[in-house]
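I'd like to ask some things about the structure below.
The first chain written gets the first letter, and so on, giving A, B, C and D; residue counts start at 1 in each chain.
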């Protein structure tokens, strides 16, 4: 620990020579976890924008199929009058999912907030391995560039779906989108994996080794707990995906046959390799990607817990049950991947086991929801923007969680599998859930990042519109799902069964457009407040956790004193003190230092 | 610190924007029509108000003349070896593995060039009328060309590399080889000369009816033996000729007193400025194969002479 | 902020819907230009486009041309063509429009040039209608397909290719699509003639690069009259070639047809010099005959032959690249053991394949064979997927001996 | 302001339930046909009922939690709530209660549905039996497929057994995209893929099965109503995925036999006169 401390201290002083070298050292190739976190934050926000625009492309096609698609259509398909081609539609949804999952949600949670918050919240001066940390950011760039390139190799992005199911993805020329673009896609995703792996190793070490004196594991804020569990998930699940990715690469490039059965005839050419099994990929892929779903929600849950506790001015309800349920979700998360494959042709007996496990995983989630509500109960709720986003997370996560039960019920899943019911479900978990939590977290920790407040009115407006529009966009998807409306169809309305659904889709698309437009308010707010927002002191929200004892923004080394922790993070409204908050570092009134003789 | 992240976002923004130009799909630019001109033309071209303009032939022929000519090189060109047979039939095509006959450039002892086609292009429509078409032609008008007149192939080469016929005639496609050939006739949509593609077993034959004519020679090939390649010319009138091994050709009974345009080509290449042409000793202008003969006397003999520069053919 | 500005800029530049135009037959143009050593001039190009526009209209406002001495009504009618053409939409009384762009254009291209955005990923490439050549039909090698043929294709798709079955489309929609294909095909055929004519290959004696065909300024001259007459004449020829497409009567199969004996007879033909199918379809009918791997003269279809002439230099290559002509692909004879028959598996379909060959490909018409022989042959071909490939035909050994 | 936000969150359960109710009501004007497509199978109702059961259950929880959330926000709004913060860190009994209750319910659902699942995926009909006694396990008894469906980019190729009742012989009847089946019979179909993953989805029979190249899947059902319905491909299979539309024609045994005979004759057609068209 001490070594790494000096390390980061050195580098804090080295670039002080000024000039470009100084700037680069300080802001570009920085090893300061806060800078890295902020770099992550803004890179991912940029991709968030791109992913959103891709989504608009999808919505446009679904609302007004084959009509002239603004911008994209006119740029790429001028000869066809801006009417996109079907394979471009496949790349639209493939890249939308890819960007949102691998470039936005995972890095913004682990990369941005993990980086920024972990050392601050545990009272460390930096990550355990600052250089590794820097690398974990700069390994995102090969990924950015590779996926960026795949956008510009016809047909402008991989088109085999983000799940990249073979044989479609594993054979050159099986689909337009699975030409070279797919290879770039695989490489890109692998780079993301490497980056996340570096991150998670770093987080684990930091959380285990560099906690401030008195910061026992059960005094960790839930954010840190969730980051900790997430890091474990990543560390165990990622290698599988990486391996699978390489197997698919060799299937494509070297003609191996891991996922290719005998005697396929695709695009009128017989495929040489054989002896493989497409289901193998699905197993490997979901063995990572299902835990990944929790990688994408747990940190959000953690941050929401902190925000709700802070603005209810009340201790979190059932701290330990919360921790246990997080771990429970993580544990069960490893044995439920099969519920993505109920109708995939895998042995139906397996289906039953996975179904039971899946049902069980709803339990810890339920516990968390009840605890959040218990936290609000009997508190003094302050309706700040972060609180609004956090609350909406709870209310939306209820929908996302409950709709999951339908899919878990195998017979029902026979019908709703690969329909918009699924789409509704994971958008409620990932957008209405995680994304809303992320917005909340940005509003919440922004003062700590830049030492200025974000504009509260704009924030509330942003929340209100987003909340309305996202429900307008995603809630009707449940109904579509009940009709059996399948995903990934470029033009569903030539099926008699679905023809009547177009007006509904048009409504949803308009909401989607509104939702993306709303984010302009957010973007402006961020950049405006960065320079014009009111300056704040160390603890604008009157919150307990350690980061609020550091100056905002914190300098290198974070703390201008050695923080010593006396109690858990959620002692709001404690009778011991007359303030309604009780900093973890604040010594108890009478000098009996509580336990943990580290002082 | 604000610069830190902006920097990051800049790079990625530039990356995306920088790539944008590269993402235009390759397509031909349309040849944009002049639409109001189009509307006017529509009124003219489309029938309806009976504006059936048949190109009226001003003059009547005053008799018949003869067109005789010769195509020669200025010196003996050195003729490259012909194609070599490949595939399983190679042995049958040339038992001694020698190169096949070069039918693409056949030069006679007097440096004459064979397979030069010359045909009448103007006036376009020659009436079926003895004043225009001499009785002697009538006999063969609807003939079926057989035997030595037929279109034949032997030793995996076409025996008549430049075959000319009338659109009213039919021709037998023979196969004097032992192995199977297939004769793929491109035809010419311009004049409606039919395309055809039929397999012909050794010693077998099929009949080809052109139905329409062709404006210029079109290709004939064999898809089993890729090197086999020859030309065919189908004309709506009898006024055409193909030069023999001495480079000589003759068109008899040419309607006299009419301004006429002929066209000359060899192996699909029109004679151009590099050819010095003379008519009765007088220099004759020739552009992209076209040459015009004016005021032809009845019963006269017009002597054409084409001198080719050998180096253009080596 | 700036990021947003850039975004809005991109929006504004991309917001005006581009005009949809027919694309020129660049492949044909380049081929003829090389062959005739001439170049099309700018006015000439515009003249071609204008004449085509005058007769056929544009992708958004199609026009069924009036043709002398021909009742175009038998081929196509304006309403059906309009149903197929234009942008995808549904009009107030619920009738669909732009069927062609909804179902066909992304492969076959707006112009029917087989160069839609999806085309480059398909094998075989989508059909280019503009030669008027169609492979799977009930008519003689050179003739156009009948309406039935096109309908059958649309209904059953082309097995073994990316052409799917449109069986579930309502009949009137299939009608309009068939008519529109004929429309595009006729347009393409005329375009090719015009290009040839203006390049000086034709009979009017127009010289590139500036001789135009129809010049309104000398509208009343006899020459203009003759030339517009020429255009009419050509339209008549083209239209007639479609109208006169007649599927010939198929003679009934012989008595012993379908028996082991007839299959044996077919087998002999298949391997013998009379049928000679082995030449391309190979000794065990896997589509690997000895001339299919002949790199000097690879098998190609007429479309490839035109787009990628032999001995093309780098410049020509780039030229073709630049106009988006699809990469060259050699042709493979059909593997007859897959039991996949692109033109349909009914005996009559196979009879037509053998009798008339496959237009636009090296597959020749079996003009010599008697109808019975053809029946035997196709009987054997139909049995191929179920025949064991272990014992080669004795004829094969004879063939070998013959060669030595 | 807190009031306003609380009400906003109150909207969630209200509108949420509202939309489902409107959609579920038969022929409710704005959302006509926004509920389950017509069920024409014998077993489809099981899935529908299960879905509805879960819907009611989750609906109840959804409403309850939604209302509670609203009420807490409303009651404990800092600006309106005079009494001090309840300083408690949780309650064991509560935690126990709200862990056990869901656990039991979830387990119940899990077990409750297993039979339906087994019926749909594991109990393939056997030849001798009618509808109700389907305990056949030994393969020889299993009912042979009526038709073999091969998915390929981008169409459904069909293969009915010929006179010899075997699929894969020269006398098979081939078809594309138009699947005919007799009504009121146990139908077994074999599913294969020629190239990539497909998914054979019959919305009106509540059936879906991914088709994996290299594997042969079986699917069985009994249709109870004649008519024409959609066949949907539900697994991304390439650029033409959306094109992969089939037509399911359920008809009486006689019609089916007549149709099959007609197809067989057409397929063996040796005469052709231009007059007759294909439709």
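Rule of thumb we're sticking to: a residue touches a chain if its C-beta (ideal position, glycine included) is under 8 Å from a C-beta of that chain, and two chains touch if they have at least 3 such contacts.
Bear in mind the structure is a predicted one, so any value in this text is a computation, not a measurement.
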One chain's C-alpha mean falls closest to the whole-protein C-alpha mean, and that chain is C
By C-beta contact count, B-C versus A-D, the higher one is A-D
Per the C-alpha means, the centres of chain A and chain D lie apart by a whole-Å value of 31
Cα centroid separation, chain A vs chain B, in Å, comes to 69
Dist(centroid_CA(chain B), centroid_CA(chain C)) in Å evaluates to 23
Distance between the CA centroids of chain A and chain C (whole Å) is 51
Contacts with two or more other chains occur in chain A at residues 46, 75, 77-79, 85-87, 154, 175-176, 265, 267, 491
Residues in chain D with touches to at least two other chains are numbered 153, 239-240, 243, 245
Among chain B residues, those touching two or more other chains are 9, 13, 20, 25, 27
The residues of chain C that touch chain B in their complex are 3, 6, 10, 21-24, 26, 35-36, 38, 45-46, 48-55, 58, 63, 65-68, 115, 117, 132, 141-142, 189, 192-193, 196-197, 200-203, 205, 207, 214, 216, 219, 222, 224-226, 228-229, 231-232, 237, 241, 273-274, 276, 279-280, 290-291, 294, 296-299, 321-324, 357, 359, 362-368, 402-404
Listed in rising order, chain B residues that touch chain C in their complex are 9, 13, 17, 20, 25-28, 30-35, 37-42, 44-48, 51-56, 86-89, 91-92, 121-122, 124, 178-180, 182-184, 187, 189-192, 194-202, 204, 206-207, 212, 215-216, 223-227, 261, 268, 270, 287-288, 290
Chain A residues touching chain D in their complex are 85-87, 90, 159-161, 165, 167-168, 174-177, 261-262, 264-267, 276-279, 312-321, 343-345, 348-349, 351-352, 355-356, 359-360, 362-363, 366-367, 369-371, 373-374, 376-383, 388, 391-392, 394-395, 398-399, 402-403, 405-406, 408-412, 414-419, 464, 467, 471, 475-476, 478-480, 482-484, 486-492, 494-497, 500-501, 504, 570, 572-575, 580
Seen from chain C, its contact residues with chain D in the complex are 103, 118, 121, 138, 146, 148, 151-152, 155-157, 159, 162, 164-165, 167-168, 171, 246-247, 249-250, 252-253, 257, 345-348, 351, 375, 382-383, 386
Interface with chain C, chain D side, in the complex: residues 153-155, 157, 169-170, 174, 176-178, 239-240, 243-247, 266-274, 277-279
